[in-house]
Amino acid sequence: MTTDYRTDALIQVKHLGKRFGDLEVLKDINVDIRKGDVVCVIGPSGSGKSTFLRCLNRLEEPTGGNILFEGVDITAPKTDIDKHRQKMGMVFQQFNLFPHMTIMKNLIIAPMKLQGRPQKEAEEEAMRLLERVGLADRAGAYPSQLSGGQKQRIAIVRALCMKPDVMLFDEPTSALDPEMVGEVLNVMRDLARERMTMVVVTHEMGFAREVANRVMFMDDGYFLEENAPEEFFAHPRNERLKNFLSKVL
Amino acid sequence: MKKQVLALVMAAVMAGSLTACGSSAADTTTAAQAATTAQAEEKKEETETETEAAGDEDGVLVMATNAEFPPYEYHDGGEIVGIDVEIAEAIAEKLGKTLEVEDIAFDSIIPEIQSGKADFGAAGMTVDEDRLKNVDFSDPYTTASQVIIVKEDSDIAGPDDLSGKYIGVQLGTTGDIYATDYEEEGSTIERYNKGFEAVQAMLQGKIDAVVIDIEPAKVFVSQNEGIKILDEALTVEEYAIAVKKGNTELLEQINGALAELKDSGELQAIIDKYISAE
Amino acid sequence: MSDKFRADFYQNFIEDDRWKYMVNGLGNTIKITFFAVLLGIVLGFLVALIRSTYEKTRKLWFLDMLCRVYLTVIRGTPVLIQLMIIYFVVFGSMRIDKVLVSVLAFGINSGAYVAEIFRSGIMSIDNGQFEAGRSLGFNYRQTMFYIVTPQAFKNVLPALGNEFIVLLKETSVAGYIAIQELTKGADIIRSRTYNAYMPLLAAGAIYLVMVMIFTHFVQKLERRLRNSDH
């Protein structure tokens, strides 16, 4: 096993491959994500970017390569992936709040059951985070009583309650009505400002340009280009990226 | 008001389903019959003039029985045969009618007669007071005993030993009625739908004794190892034919036919045919 | 007419304390139904978990196969046959409490139907719920327990209530193993009085009332659960 673990690399992806039957979705992905990085992954639909993100916490099982998280190979067969997932928050396109629980219950169930935190402490922490996203008054509501933007902010808070070391966002604004996109991006912007390590699969080019420190373009199962946002958007080199940007900008 | 409507609806639904069961599930055999057309015609006229007449207009007598009670009535090949069936055939012949046998659950026989679906019931039935409230009985045509079957190594030696025991019976039979008296003495009565199931339960050690009519008891004992009939019977009783309450005409006709059969020795011949002398 | 009714009523229920056959029978019917429902839920829940785990993860294939055999056999044969087999064959040469035999037979039977109800409920929960649970760090079992099954239960409650109504009424065949439940109680009275209508109507009415009471509570529970997420 290779041991070139650099202290500032939170996640190291090496030769990651994923195939669904005959379909090769990810082909030899190599990338390091450092502490405090805000990485935006963009690319056409079907390019494999969501699959890449879902491989990082093994919601999709990689079919090749390794992923090291905080120096531990989480793709090794004996890894207790549940332990590592507690440190990797994830936010889904469809929010996936638990509809049978109140907002507060959604937020405290994992910290209480998985980290053994006392209910009072977990509730205080949850309340603090709810206040930050402006939803403290909805603690007793059920998810069905919330708007899409509110749901997604709650979903972010739910992941944050586990005090993760990295946050994975899978197209967090794609299912939202346009007027609600801003409130969710604001929360993410705040997180980035606090130096939270984030990997964001998104179509929000403005957000990528403004908040990310690295933007990566994926197509056909490869990362074709990576750069700092100004350079990435101002001087794209790869032909496919130029083509893609010309369509979305 | 609501409840009455409900009860009516339920009664209608249940009556409907009972009829459906009765006609579809019943085994019907038609006995060959030497009646002349003239006799039948004659009968027909009689039937039409009398309100509580015997039998159907077409000269058919319907007998309700439960053909799980050898040797009185049981299935043999595709036919229902037995002592009761042959006696009923002889009676029908005397009355110039065709006999139809309907095989139904024992405890449905009397409702069947009451509702007029069957003309009479012959199923090894004993005359008792409760039954007399609902049907009329003919003169007895034979005697039978309720006996006790036990395992050969049983500590039960007679009726007195039944106290506190588990006693198996066939639901609704005379044996059931008599055995129920032992409930007061701490016995548990298990009422099976079929006599042989009670015997099987005893063979498996689930119950201590079976109370049942002597004739089927003999059959069960001959077919199974390790069980016996106790010498002392629980009761001795008489079997008779049941008809709808108040149908005195049919009752008299049956009694008349029975008397003739007794006098001619025909009745005894039928019984002897099925029950070998001990 | 009403005199006849009164006389029939007296003969069928009052005389010789015949009402006791119905009351004792009702007691056994309730006892059998209650414990069979419990057994059915436990069995059905386990089988559903095994089956849906196999469907989701391809694990537990051997247990899944056993479960499928169980479902096929139980759903493919009449409960009466199963009851008789358990009484006369499985517990062949022994004295055994017949209420227990009935609870086993009806519970095992009901478990098969409950299992399929639960399984369809589990499979109807959006996979995103499952992924959200796993992404927080819950393992498979915890995700099932805290997140998937509570939602599944709510979805299948009407079907489950229906299954228990069927079960309650099906216990009427327990009389075949000479157990004295409600229907048998009516049968015993019928065999004594030769009156078909009174005992049958009474037994039918008692079943009906029980089902109506039960339905009422299921609907109440449904409403309460539904209110909790709207």
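First chain written, first letter: the chains are A, B and C, and each begins at residue 1.
Criterion: a residue touches a chain if its C-beta (ideal position, glycine included) is under 8 Å from a C-beta of that chain, and two chains touch if they have at least 3 such contacts.
For clarity, every value in this text was computed on a predicted model and none was experimentally measured.
Using the mean of the Cα atoms as each chain's centre, the chain most removed from chain C is A.
The chain closest to the protein's centre is C, with centres computed as averages of CA atoms. In terms of their C-alpha centroids, the spacing between chain B and chain C amounts to 36 Å. Spacing of chain A relative to chain B, judged by their CA centroids, is 82 angstrom.
Between chain A and chain C the centroid-to-centroid distance comes to 46 Å (mean Cα coordinates, whole Å). Residue positions of chain A with contacts to 2 or more other chains are absent.
Of all residues in chain A, only 57, 59, 82-83, 85-86, 88-90, 92, 94, 96-100, 109-110, 113-114, 142-145, 158-159, 162 touch chain C in the complex they form.
Per the touch definition, chain C reaches chain B in the complex via residues 11, 88, 92-96, 98, 175-178, 180, 184, 187-188, 190-197, 200-201, 204-205, 208.
Listing the residues of chain C that touch chain A in their complex gives 126, 128-129, 131-139, 142, 146-147, 150-151, 154, 228-230. Chain B makes touch with chain C in their complex at residues 6-7, 10-11, 14, 18, 106-108, 110-111, 114-115, 130-131, 133-135, 166, 168, 171-173, 176-177, 190-193, 197-198, 200-201, 204-207.
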